[in-house]
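Next, two complexes with chain A in common: one pairs it with chain B, the other with chain C.
Moving on to the complex of A and B:
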């Protein structure tokens, strides 16, 4: 599974770094290093709704506060399927 | 004309207890490739000396840069300078370094310590002719210059450092040369070298300079072109045009901005690989595109570069951090401030609708202002800057 976080200017200001660090911690915590590939990307053209995050090819908006619940709902749950 | 240019740096210290420096340096550009640097040391110290040296250096640099001869300059000074009521003379010694077309140095010296020429870290003796203008005996030299030559002019406060303290007869010319030669491999910029030399002077004076002291370093270096692009063009149809102009320029290429780097990667048909390491928490990570020397985020990074530029021009306090840090802004700062001599800035004027949100500190007008301010700072550093909008 590929998890991509936008690190462009707008998303940076909306907390991209916290989201990246949140995902890094959650991946380590759940030992998913070999299942989830975390990468960055520049602008996804969705600046108004930052922070832009893509799970495989599906686009989401993730604020730093909902990082954990998002990860549980969209990553862990899907991996369990 | 060839591809050599000058890096000029100078520093002064005041005689202990004086608020003004009696030495003055004036630099005048003459066309694209010639420069006149004048170091003048006014008689005495304090305000009188300051007036004499300021007038002398300004008159000479302006007249020489306008193409007038040294004889005219000297007679103008003789008839212009105010006469000191105490000493009954109008007097300021001077050293002129005139770099002509990046090929030749004309050195004209009147009563200041002789200019030191260091080539490959060794002092080189140069021939001089003596001119008699009025009562004055003036030394004149014309020599070809080469890459990495260092010309060091100074006022007599420098060799007088340490008289009766560390040395009986002051800091001898040969000792100054030995001191300078130790920094040859460090390859310091001119400004740093002049500061290092004066710091040593202050030490020899034991913190209380007995005279004003000034050092001016002229370093001959190769032109290093550098290109930076930020922002997509206002019309998407111009993307290819803007990119082809940018990438056809000689020198290194820096691409700033998410959308801009996506366009650059598309133009080069190479993948854009962002990194995720936050070296500095405030600066977004850099990315990589094959064929581009540096890829960074746009506005936030450039904003930081601008604050570094202002620091560089003020007191250069952040220097120690900037020389090794690997975040995008520090890398841009090193390339622009230290490496480059000629900088092309390509600024795209497309408006990113998402950034027009008043809650975000990065709207369009801020971006334009940032680039103008940065261009100004770079010019103050002595770089040749060309700003183009698309």
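Moving on to the complex of A and C:
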């Protein structure tokens, strides 16, 4: 699974760093290094609703404070399918 | 022309703007021959002997704006018919010499080059004169002047001489592409080649960023430029030119500062590799020190590499103050990451060629880097960032002596000492332009105030440390 976080300026100012750090910790905690590929990109064309996150090709908005619940709902749950 | 320092810059800008305008409109081929007449209409000359010469020179400028001589890999060219063949005789005695009794000039001259005629008027024997200028300093009548060409004066690496027709010529074995002569020639007879057509072509073929995405990487010195508008409006303007996203080269600088501090600790002695003119100078004059040049790519190439690792089909255009970057991006080790280079002068021409008044635009944001990445733009900033990098990597920063060399002459002094292992420093920050990148030839303005603007811009960065800026980059 490919997890892409927008690290462009708009999303950076809305907390992209905290989201990247959050995902990184959650991937380590759940031992998903082999299953989830975390990458950064500059702009996903969704600047108004940052922080923009793509799970494979599906676009979401993830604020730093919902990082954990988002990860459980969209990453862990889907990997379990 | 409020945004430029000189009328030479303004003239060059007008040509770039017209070329850009017609390239955008798609009728450049039909319009090329008319551009000189659009810029110099009528019959009255304002710059040269006649409008025909003015237009002939403008035609040469059009060629340079379109990329110049494709068979010549250098990025700085002399426009031969624009060269005014300035006197270049060095120190000369003028009519101000009153044939005084004191003869301070004779006393000051250590080479015995001053003689006197039967009227007691001084003369300089050119076979003995070493152009030190001491005689000129002591003459009470300021009768001794230096007739040195501004281009030769500007070229601190001594790459400029005169050909048999007294026209300036550049020695490619010595030229470091810094563009100092471009900015200093009062006739605008030396110019950097432009890649604006490549950029417009990249933009058109991207079909509004659907075929591939075009990223602009902007140098932190942008903070001292376009001062008639807000930085956020400049960023919006760049996007309205068709760029998909704008990224700070300063994030590449953060990456470099982090890697360079560790490289310094590992090797013990290092020079920076950020300034392509400085790196080229070492290659030309101090090849024995080449191994001591940091193996890091420049911040421009580093961030370009990162963007392309995430988006392999991306096209990347660097926008900065630097003419030497136009040579750097063509190097085989950099070209995979950077597709074209623009100067701030050229960015202004693209805005106006497209009819964009950036002062009317809403503000966008630019925030990718830390304070330290941003201050790379000024002399001393790179060394400050490497010192910070040492600290953040838990290395004893106080054990390393970091030397900032402001301008290529200071670089030369430090390299001469390093060559004989007499340099009292472990790290050389080498910047070819005085003041650092903010003194670059491709800047719109070259003011004293620029340094404080860079620091103020640095302080606005959301991330305060290098590691904070880097932790936005996912590590897999």
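What we mean here is this: the second predicted complex is superposed on the first by the 81 of 81 C-alpha atoms of A that agree within 3 Å, B and C clash if a C-alpha of one lies under 4 Å from a C-alpha of the other, contacts with A are read in each partner's own complex, and residues count from 1 in each chain.
Convention: a residue touches a chain if its C-beta (ideal position, glycine included) is under 8 Å from a C-beta of that chain, and two chains touch if they have at least 3 such contacts.
Nothing here was measured: the structure is a model prediction, and the numbers come from that model.
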| item | value |
| --- | --- |
| When chain B and chain C are modelled together on chain A, clash or fit | clash |
| Chain B versus chain C as contact partner of A:25, first or second or both or neither | neither |
| Chain B versus chain C as contact partner of A:13, first or second or both or neither | both |
| Touching partner for A:48 - first (chain B), second (chain C), both, neither | first |
| Contacts of A:39 with chain B and chain C, given as first, second, both or neither | both |
| Which superposed partner A:79 touches (first chain B, second chain C, both, neither) | neither |
| Superposition clash, chain B against chain C - the stretch among 45-53, 153-161, 171-179 or 225-233 that is involved | 225-233 |
| Intersection of the chain A residues that touch chain B with those that touch chain C | 5, 7-10, 12-13, 16-17, 20-21, 38-43 |
| Of all residues in chain B, those that touch chain A in their complex | 257-259, 261-262, 272, 274-276, 278, 281, 284-285, 287, 297-300, 352-355, 357, 360-362 |
| List of chain C residues in touch with chain A within their complex | 215, 235, 244-248, 307, 310-311, 364-368, 462-463, 468, 471-476 |
| Complex interface listing, chain A residues touching chain B | 5-10, 12-13, 16-17, 20-21, 38-43, 47-48 |
| In the complex, chain A residues that touch chain C | 4-5, 7-10, 12-13, 16-17, 20-21, 23-24, 33, 37-43 |
